[in-house]
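Please read the structure below before turning to the comments.
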Amino acid sequence: MKKIKAGVIGATGYAGFELVRLLLTHPQVEISAVSSVSYEGKRLCEIYPQLTGICDLKLESDEYVTSEEADCDVVFASLPAGHSEPIARRCFDSGKLFIDMGADFRLKDEKDYIEWYKGEYGDKELHEEAVYSIPELHRERLKKARIIANPGCYVTSVCLGLYPVIAAGALDSSSIVIDSKSGATGAGRGLALNTHFPECNEAFSPYKTACHRHTPEIEQVLSEACGKALKVTFVPHLLPANRGIVSTIYCSLKEGYAFSEIRGLYERAYGEEAFVKLLPEGATANIKNVKYSNLCHISLHEDRRTGRLIIVSALDNMVKGAAGQAIQNMNIAMELPEGEGLSYVPPAF
Amino acid sequence: MKKIKAGVIGATGYAGFELVRLLLTHPQVEISAVSSVSYEGKRLCEIYPQLTGICDLKLESDEYVTSEEADCDVVFASLPAGHSEPIARRCFDSGKLFIDMGADFRLKDEKDYIEWYKGEYGDKELHEEAVYSIPELHRERLKKARIIANPGCYVTSVCLGLYPVIAAGALDSSSIVIDSKSGATGAGRGLALNTHFPECNEAFSPYKTACHRHTPEIEQVLSEACGKALKVTFVPHLLPANRGIVSTIYCSLKEGYAFSEIRGLYERAYGEEAFVKLLPEGATANIKNVKYSNLCHISLHEDRRTGRLIIVSALDNMVKGAAGQAIQNMNIAMELPEGEGLSYVPPAF
Amino acid sequence: MKKIKAGVIGATGYAGFELVRLLLTHPQVEISAVSSVSYEGKRLCEIYPQLTGICDLKLESDEYVTSEEADCDVVFASLPAGHSEPIARRCFDSGKLFIDMGADFRLKDEKDYIEWYKGEYGDKELHEEAVYSIPELHRERLKKARIIANPGCYVTSVCLGLYPVIAAGALDSSSIVIDSKSGATGAGRGLALNTHFPECNEAFSPYKTACHRHTPEIEQVLSEACGKALKVTFVPHLLPANRGIVSTIYCSLKEGYAFSEIRGLYERAYGEEAFVKLLPEGATANIKNVKYSNLCHISLHEDRRTGRLIIVSALDNMVKGAAGQAIQNMNIAMELPEGEGLSYVPPAF
Amino acid sequence: MKKIKAGVIGATGYAGFELVRLLLTHPQVEISAVSSVSYEGKRLCEIYPQLTGICDLKLESDEYVTSEEADCDVVFASLPAGHSEPIARRCFDSGKLFIDMGADFRLKDEKDYIEWYKGEYGDKELHEEAVYSIPELHRERLKKARIIANPGCYVTSVCLGLYPVIAAGALDSSSIVIDSKSGATGAGRGLALNTHFPECNEAFSPYKTACHRHTPEIEQVLSEACGKALKVTFVPHLLPANRGIVSTIYCSLKEGYAFSEIRGLYERAYGEEAFVKLLPEGATANIKNVKYSNLCHISLHEDRRTGRLIIVSALDNMVKGAAGQAIQNMNIAMELPEGEGLSYVPPAF
């Protein structure tokens, strides 16, 4: 069988490299071209020595990746906000599937994009074409998708955690408080004082308290799920660990709903899923049990004293929160088995 | 000036040793005796090699520490729940100040103790004598105290964070959600799988979700502060770091209170305090800025979109959350300067 | 094609579980049975929640794993020293390939075993049958092997690093000093104070200085390689990291050999190898570039001022140092492609 | 008693800030002025929030620190190589003690400085005046010192470890191999990829293999101690930890010296020292037992099989390896008690 040819734009950033790494062992994909603004002309293994003797890909320009010569069937881009439109346009016009791992196509409402990203939508047709997909929630949308907006890492963690109970209309939608914690790779490869080892190790703190850009994206997904606009309190924290997100989500059930009914909602929603697992009662989701894999673990807890429902959701921010989910979206859109290339079992340590 | 003679019971546990360590450089204290059930007969420096050539204390029995021979003015105990009563009795009868770093004297209502600690109050007079003290909130109680209940680490973090706004009656008291994260020393020196290095490192998760024993103690302090019974949702998490607690506290102001009034409450409450610092607007409390010190940092944040107040409180669980606060309580009760022996400036890394 | 049926004895220890985890995605293997003394009767996913919804294997007895009912073609054992002989015997007699990940078949000379492991060889025929194999050095031995001794983690790291220059007779064999550093998983899942998180994190030290059990095994491999008995100084250290070994090896070339000739020895030895990579000049081997993979990275350095050769070797102690190498040995012995199931590309973080 | 007035130039770098932090609790010092090129005009607590409400020092220029207005008795500088001479000159001319925590006055032989630091000695008189001091080895030199060269962190660790046996003439001086490991603060506050959290955490590697700038400084101290030029092999490694250096030192005794004599040399050298401790037989030096303190722990080990002596030396790179030792040097030069301000007992975690 002929392999799918993939291109990766922004291959030396953390999410871009993680994608390359996973695609290298995807049985039905070959990487045709990779690009990097910072390292154009170098080989990828010079930047990431783990590829020594394994991969000889040379870093090109993003124009090359979308060119006829590179001949990609699918192009992924992992870029800072504001850079994806022209690439998406070239892919769209030349019939390539485009999967954006950045934020440029995530928000449906341009006003949100203007407010949170300080940018505008230049090429509006593309945004109409774009399909936002957390596969477990939106996979039916992917059938004829040509532009896929791959969700934010926190958003995936939070929305997988809340979807079943929100979609069932069981929540007091004004009650949602989300306390998320992410490993330091979430901040990317760019150097900064708060991710300098001696400042991040043995440290812990919230950041962008109640003003992180993933907030409107969370609200977009959840509002759509419950059919009415809702707002959430969302506070991310920086963990002294490389990978993983845990979201601890606090909320109140609507009058008339009992905690005992909630588990069933999750079993029905995720019982057949390969990557989203509801943990047995008494267990608690933990980064260590999902890291390096495309899994999302969810555990449900009741605060009997206050009546609150507490949902804990854990995933690997770089896999299910970024590169793995992008592959999962590609697999579906390209009609491959959904889990192809994503079978890695999380290590115990 | 004659130094105060101190005894430490349970000196080889983490909180007990931290206390010994701090007392060794307290200018007005000399350690008269230390005890350990597990290591009686050994020298403390055999268990903790950092004391090599610095301290020759030998580990005795707890009876010795409270004996006439040891001649202590103050006895600290750092023991698992259920072991402090007989020691407290001996100290009380012989006129020694007793400071319990464990939980046995923290809960005023025996029913709470029975429910959460599965034990009873045998010697009820002692519980009536016992004074619970987070010094910034309760220092006036310490004047004639003979038995001091030193607060729990999470409790200190949470109650210092909430006190000013709770005491002012500005909060909807049903709205409080507390998401706390603690370094691994909080679990003590006892070996357990979840604090085995490969299981704790690169891991993160809640534990004892909405059922941690510090819950009723938090509620006791806050209920007293606002003059009516309240309940909170409290979820602790285990951080892959040695020390520190961050509590991220979510709550809603009562109708009629504005976020702009809140800062003033904290300035008035803590403006003169040596150890509790309200951070400037825009700053966020972080474990790394308080570790190894007796400081508690507090930052205030508004979620403009949902109207919630978010309070972040950071302290070192072993110092302000345990041994440092015990010394602070002792200093006050013994009429020493409150900060004596506690002037350590937190390291930057 | 019919899959190979594998059994794993000691499947809940760290090396045993890592093996199970890797075998679960090996395209030509199915796991037929697993055992654990501590958890017999439970499902493996109860001990390792990463398997939730992925693997339903139940933990049996070791007798079951070697039974006709389990019908294994190959049995792996990952046990403390002194427990493998009876299992090996049962496998040998019933025609199953036996691969011992423990130490019981590593030392050829029983006197060494007696001295270092305080045990004896009961069933001597088995020891004569046993084949010791670091595949890159010894793969030709595996053709008809029925019992394979899988090497120690440090030994693999050190011997891959030294083999080319030792085998060429280029070293002053009395000059070898090996300073190795291992992540904490090397100490296994058993609880101990030095791997308790607060004692291991932000700590670093040698252990078993010049008396670690891997010493005679290193000497056995190297002595055989150079054709004469040699002794090495070997000091392991415990790293505050989960995985990986770096060995920094110091040695002196014999008169008549120049540093410039050394690189060629390594290129010839490993140029065709899939898993052992000589890094380009100027690069340095690092745990982070091999972790979670079966790779071993080697870098060569000259101390121009003293004339010493410095060899740095990095691998993942749990993969190339244990479970991955066991699979590689199995692949060769069973005439599968050597790298089957071992293609994982190391993550960048 | 009138306090000594101290100035700190380069107060926002890691070593500079650590010095400020320690001086803030030195009972006989008050900080008169601090400077920073990067943050001139800001308050130090804006850069280091641990000082919030504790210290109001404003960052000035280095000229201000050495000015009459600042009126310092002692000036410390913690600067990159090549910047100290003019400051030293101003101090020297105005009768202030100058303590250089950088490298500019460490190497006696200008040729070494030219070779290793690529700079020259402009103001040669200053270099003649400068006194290099690891206090335990050189304290008698400090009596009339006006310029003190504070040693490098690795150098202190290595030379304290080797001095007694080198000075006794008991070593084969060509046999010395030093394998050192340092926490990430050793690389300072400047951002770099190898100290970016996800690249440093769960990573380990040598760096500047056999070409680190501390090499000639080690050789200078040791050559002087034994009375003849010697060369060492020195390889530093970067630890995933904040603080601490462990040096594992391998060497061979000269014919005629027995391991049993060695302990006595160390007992005699360090038996009366407050900060250098020979550990009991069987114990091993570990970063965790010295961190945050001015202590250096040394343990001695024999490799009976090869006859090598193995010396392990552990200290805190920021205290005994930098700021603490600078204070110790100041105390001696200013005729204060040597340990003043340095009594901190290392925490257990």
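Chains here go by letter, A, B, C and D, matching the order in which they are written, and residues are numbered from 1 within each.
Heads up, the rule we're going with is that a residue touches a chain if its C-beta (ideal position, glycine included) is under 8 Å from a C-beta of that chain, and two chains touch if they have at least 3 such contacts.
Keep in mind it's a predicted model, so treat the numbers as computed, not measured.
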item	value
For chain B and chain C, chains touching each	A, D
Chain separated most widely from chain A, comparing mean CA positions	D
When chain A is superposed on chain C by its C-alpha atoms, the rotation angle in degrees, nearest 5	180
Centroid spacing, where centroids are CA-atom means, of chain A and chain C in whole angstrom	36
Whole-Å gap between the CA centroids of chain A and chain D	46
Chain centre separation in whole Å, for chain D relative to chain C (CA means)	39
Where chain A touches two or more other chains, by residue	14, 185, 198, 201-202, 240-243, 286, 288, 348-349
Contact footprint of chain D on chain C as seen in their complex	174, 177, 179, 181, 198-199, 201-207, 209-210, 215, 231-233, 235, 237, 239-244, 246, 248, 250, 284-288, 291, 301-306, 308, 310, 312, 314, 348-349
Chain C-facing residues of chain A, complex	14, 17-18, 21, 24-25, 48-55, 185, 202, 242-243, 277, 279-280, 283, 286, 288-290, 292-293, 295, 297, 318, 343-349
Touching residues on chain A, where the partner in the complex is chain D	14, 183-185, 189, 191-193, 195-198, 200-202, 240-242
